[in-house]
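Here subunit A shows up in two complexes: once beside subunit B, once beside subunit C.
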Partner chain A sequence: MTSEQTSIAPLSSVDPRAKLLVTLVAIIALTFADLAHLGATALLVVALAGTLIGLVLAHLLGVSAPKAVLQSALVLPFVIGIAVFAPLAQLSSWSLDAIGEAYALHWPLIFDILIKSFGATFLVVLVMRSMSIETFIHTLTRLKVPAIFIMLFTFLYRFTDLFREQIRIMRDAARSRAPYLHGWRLLAFYGRMSGNLFIRAYERGEQIHDAMLSRGYDGTLPQADKGGQEGRTLLSRK
Partner chain B sequence: MHCDANAIEVTDLSFRYPDGTQALDSVSFLIEHGRRVALLGPNGAGKSTLISHLNGITLAQSGTVAIEDVPITDETVHEVRTRVGVVFQDPDNMLFMTNIGDDIAFGPLNMRLSADEVARRVDVVLEAMGISELRDKPGMHISYGQKKRAALAAVLAMEPAVLVLDEPTSNLDPRAKREMTDLVSGLDITLMIATHDMDLAWAMCDTALVLDEGRVVAHGPARQIMSDEDLMVSHGLEVPFAARKLV
Partner chain C sequence: MHIPDGMLSPAVSIVTNIGSFAIVAYAISWVKRFFDQRHVVLMAVLGALIFAFQMLNFPVGPGTSGHFMGSALAGIMLGPWPATILMTAVLAIQAFMLHDGGIVALGANVLNIAIIGPFVGYAVYRAVLRVRSSRTMTYVAGFLAGWAATVMPAIAAALELWLSGRANLTLVISAMGFWHAVIGIAEGVITALFLGYLLAVRPDLIDGSQPAQEKTMRTVLLTLGVIALIIAGLSFFASVRPDGLEFVWETVLGYE
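Our next item is the complex of A and B:
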């Protein structure tokens, strides 16, 4: 994720630790907010208020709101698949009447899940776009987050980066040979190439795994015992 | 390090990929400590497959690979990986941590060394490779030449007895290539260099091992083998420029 914070953003000078902690608190508050029992009007108000707060936060952090919204929207296909079936969890018996009654009574559950998922993702995207990945990892270290989690995040980030890199390579290759490929045709192209994309990313991941094995990686993640000394980086110190 | 032991001993090694490709076919050779071996051969000769056997990334289907007289098996593979360092061709595959310092520390930490020793090794190799200023930089955001050096540093920090380099100068500009050659030349270590750069092999290696279609087709003094135009050309290689001038 690319940092896009500018020095003129009102919250640019805020300590990254404060940003992460406030984000965490906001996500927890959002998670425990009882939206499932609100009516349609109240849900609409919540959604509008959330949108407004999000736009203000994006401005204060110097982050492009449309880009953050688009990036956060990536979570929706997965969440929608879960949310639409959420009222079924309240079923007392399996019959068409019972299903209809469950959706009539518990439809706010769908919006509860959607608002919370999208809202939490949006908050994470905002804070991540407001700082570099190096700053983020360094901040986690300063917050005394266990090194194992930081290392797992590092690996995850590396593999995500790998995936993005494969998409970029394939996109550039396609553009160079098909300059008029855009819109739905481009989307169809990506659809056809998605399998290939996964295979290429997997193979690249295998090469990285081999490089890890060759340096003694045995499935456990090593951590330096810093002996009480302040670690400037995750594994090495200076 | 066992100085009286052979650095690498490969005996009757064969390997077939699941698609049926016979990558290695009864490969046998012996490398003594301190040798600088050029691993030569056309594309598809089996060089990369052989390299992946040398520190147990791939285990032998038949035959044996021994490092300093220790055969590579499931039981010994972790120990062997501390003795044989492999620098893969693409440095991007080797730099997966947040910054170069952490990438270099990765190997020594896997050796369960103390934090002080890890830090010492990181400092030493960063200094030796001339990349101290890259310590806090992510591997993704440095030049290709710097990545190559960082990948080499990451392996040297493990202080291996045998260093295997896969195309160490590929895709480097002339200056970076010269710098990499100087760095590798200065190492007092058993070296195996897989390369298509015949001039590099001529300049740096005292022994040549030529593979073709998974078989060893020549093994001996580098200059003698690399000057043999018939041998080189028949296996998709060429005589180094320096050797041509001698003729």
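Our next item is the complex of A and C:
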């Protein structure tokens, strides 16, 4: 976790399962809401209410609201690209009049998409910044997510940085030898580097499996906390 | 290509989530039947590698860049069913950790990138090599597989946006199709050179990593059939909207 004060936040004791499930329900409610038929005033009220709720949630979860907003804003470039042209989906013919009419009648569609996309991303950012990756993976285990996915998540978390570092080192080495590598030569380099890393990963995978077997691996990854919790304790870990 | 939340209509979200869930559930049972523990651990390590590969950005136009996707590669190296699980895990991590792609839209993203991508890549690769199997054809097959596995998911995403009433069909197919056709060239080149490297260094990894080939080809067709049914289901839901198939049916095709 970053410098955020998630451990002393009012909602810090809430079970991560509850946080994830409530977030999921909130995202479904938001994305399934029909905002496209609201007027300008109603859309403004929705946006302001959403902002207020988001700030309160950030405070309760101990998450830095500005950082969460910035992180959520990363979704906007793609969303804006689709949203500004969304009224054209209602176009009956390709003429200036028809385009003008489509924007005059269906402009709320733009804000419908923007509010939902940004709002849903903000909710995910909030809940994920309020827990560590280890907690997230452990929570998925407790939510009965299939074991193969837990294993994949664990390995992705454990080894992605390792491979990224290897890719970075190989790329830096290539840049030092050929600083102006671009176009076809860059793609060719990527292709050969991918093949090289694949073989390294394959052989590393075999070594890892052997090491796991020697430590008594039985098909399930060990968890730091295997203690189950009763249904009544779902909302509180205390 | 990762569709964020808020872009798809409830009907499209529900149908894609249910369809993807069913296909992923079958993929899990397939892996349990045909993969031993060693394969699964290997798959997990390769998943981390593909995840890391996705940091490989390359310029595709002024101010625009694409990144390696890996769907075709996963499909060719592991087979389409394990690749489906692998790419689903990658997409889930991207949605939760990197906020790239939505949570409610995860079903659509899984359908596009984790199901259509690997199956199209695998089918194209096998189909080309069936014509003639040689080192040169492996390069050609790898390139076409990488290109098709980039373009087809983009077109599927464009269709989902159109069925959701979020985009004009002509505009979204043109934009998504064009840019991903360009990105697909880079994906294809990387995939082809990757396979060429493996052929030169460890050819056993290409031929020896796909158990139950014949059964897989049958299930490829089965899955493509399921995908067609899902798309048919989407069309059914979309037809109640004035901006969906009904509009095209009545105004473009002239039926009432």
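Convention: the second predicted complex is superposed on the first by the 141 of 238 C-alpha atoms of A that agree within 3 Å, B and C clash if a C-alpha of one lies under 4 Å from a C-alpha of the other, contacts with A are read in each partner's own complex, and residues count from 1 in each chain.
Note that in this section a residue touches a chain if its C-beta (ideal position, glycine included) is under 8 Å from a C-beta of that chain, and two chains touch if they have at least 3 such contacts.
Just so we're clear, the structure is a prediction, and the values are computed from it rather than from any experiment.
S.K.: Touching A:204, do we find subunit B (first), subunit C (second), both, or neither?
M.R.: Both partners, subunit B and subunit C.
S.K.: Which partner does A:60 contact after superposing on A: first (subunit B), second (subunit C), both, neither?
M.R.: neither
S.K.: Going by the contact rule set out at the top, does A:27 touch subunit B (first), subunit C (second), both, or neither?
M.R.: second
S.K.: Just subunit B (first), just subunit C (second), both, or neither: which does A:155 touch?
M.R.: Both partners.
S.K.: Contacts for A:69 in the overlay, against subunit B (first) and subunit C (second): which applies, first, second, both or neither?
M.R.: neither
S.K.: Which partner, once the models are overlaid, touches more of subunit A's residues, subunit C or subunit B?
M.R.: Residues of subunit A touched, subunit B against subunit C: more for C.
S.K.: Scan A:215 for contacts with subunit B and subunit C and give back first, second, both or neither.
M.R.: first
S.K.: Between subunit B and subunit C, whom does A:133 touch in the aligned arrangement: first, second, both, or neither?
M.R.: After superposing on A, A:133 lies in contact with both subunit B and subunit C.
S.K.: Now for A:192: first (subunit B), second (subunit C), both, or neither, which partner does it touch?
M.R.: second
S.K.: Between subunit B (first) and subunit C (second), which does A:79 come into contact with in this model arrangement: first, second, both, or neither?
M.R.: second
S.K.: Residue overlap on subunit A between the subunit B contact set and the subunit C contact set?
M.R.: In subunit A, positions 133, 154-155, 158, 204, 208, 212, 217 sit in both the subunit B and subunit C interfaces.
S.K.: Which residues, counting only subunit A, touch subunit B once they are in their complex?
M.R.: Interface residues on subunit A, with respect to subunit B: 133-134, 137, 154-155, 158, 161, 204, 207-208, 210-218, 222-227, 229, 232-238.
S.K.: Please name which positions on subunit B make contact with subunit A in the complex.
M.R.: Touch list, subunit B to subunit A: 52, 55-57, 78, 81-82, 85-86, 88, 90, 93-94, 96-99, 101-102, 104-107, 109-112, 114-116, 118-119, 122, 135-136, 138, 140, 154-155, 158.
S.K.: Can you tell me which positions in subunit C touch subunit A when the two form their complex?
M.R.: Against subunit A, the touching part of subunit C is residues 4-8, 10, 13, 28, 31-32, 37-38, 40-49, 51-53, 55-56, 58, 68, 73, 77, 85-86, 88-90, 92-93, 95-97, 99, 102-104, 161-162, 165-168, 171-172, 186, 189-198, 201-202, 205, 242-243, 251.
S.K.: Flag every residue of subunit A that touches subunit C in the complex, lowest number first.
M.R.: Residue list for subunit A touching subunit C: 23-24, 27-28, 30-32, 71-72, 74-75, 78-79, 82, 85-86, 88-92, 109, 112-121, 124-125, 128, 133, 136, 146, 148-149, 151-160, 162-164, 166-167, 184, 186-188, 190-192, 194-199, 201-202, 204-206, 208-209, 212, 217, 219.
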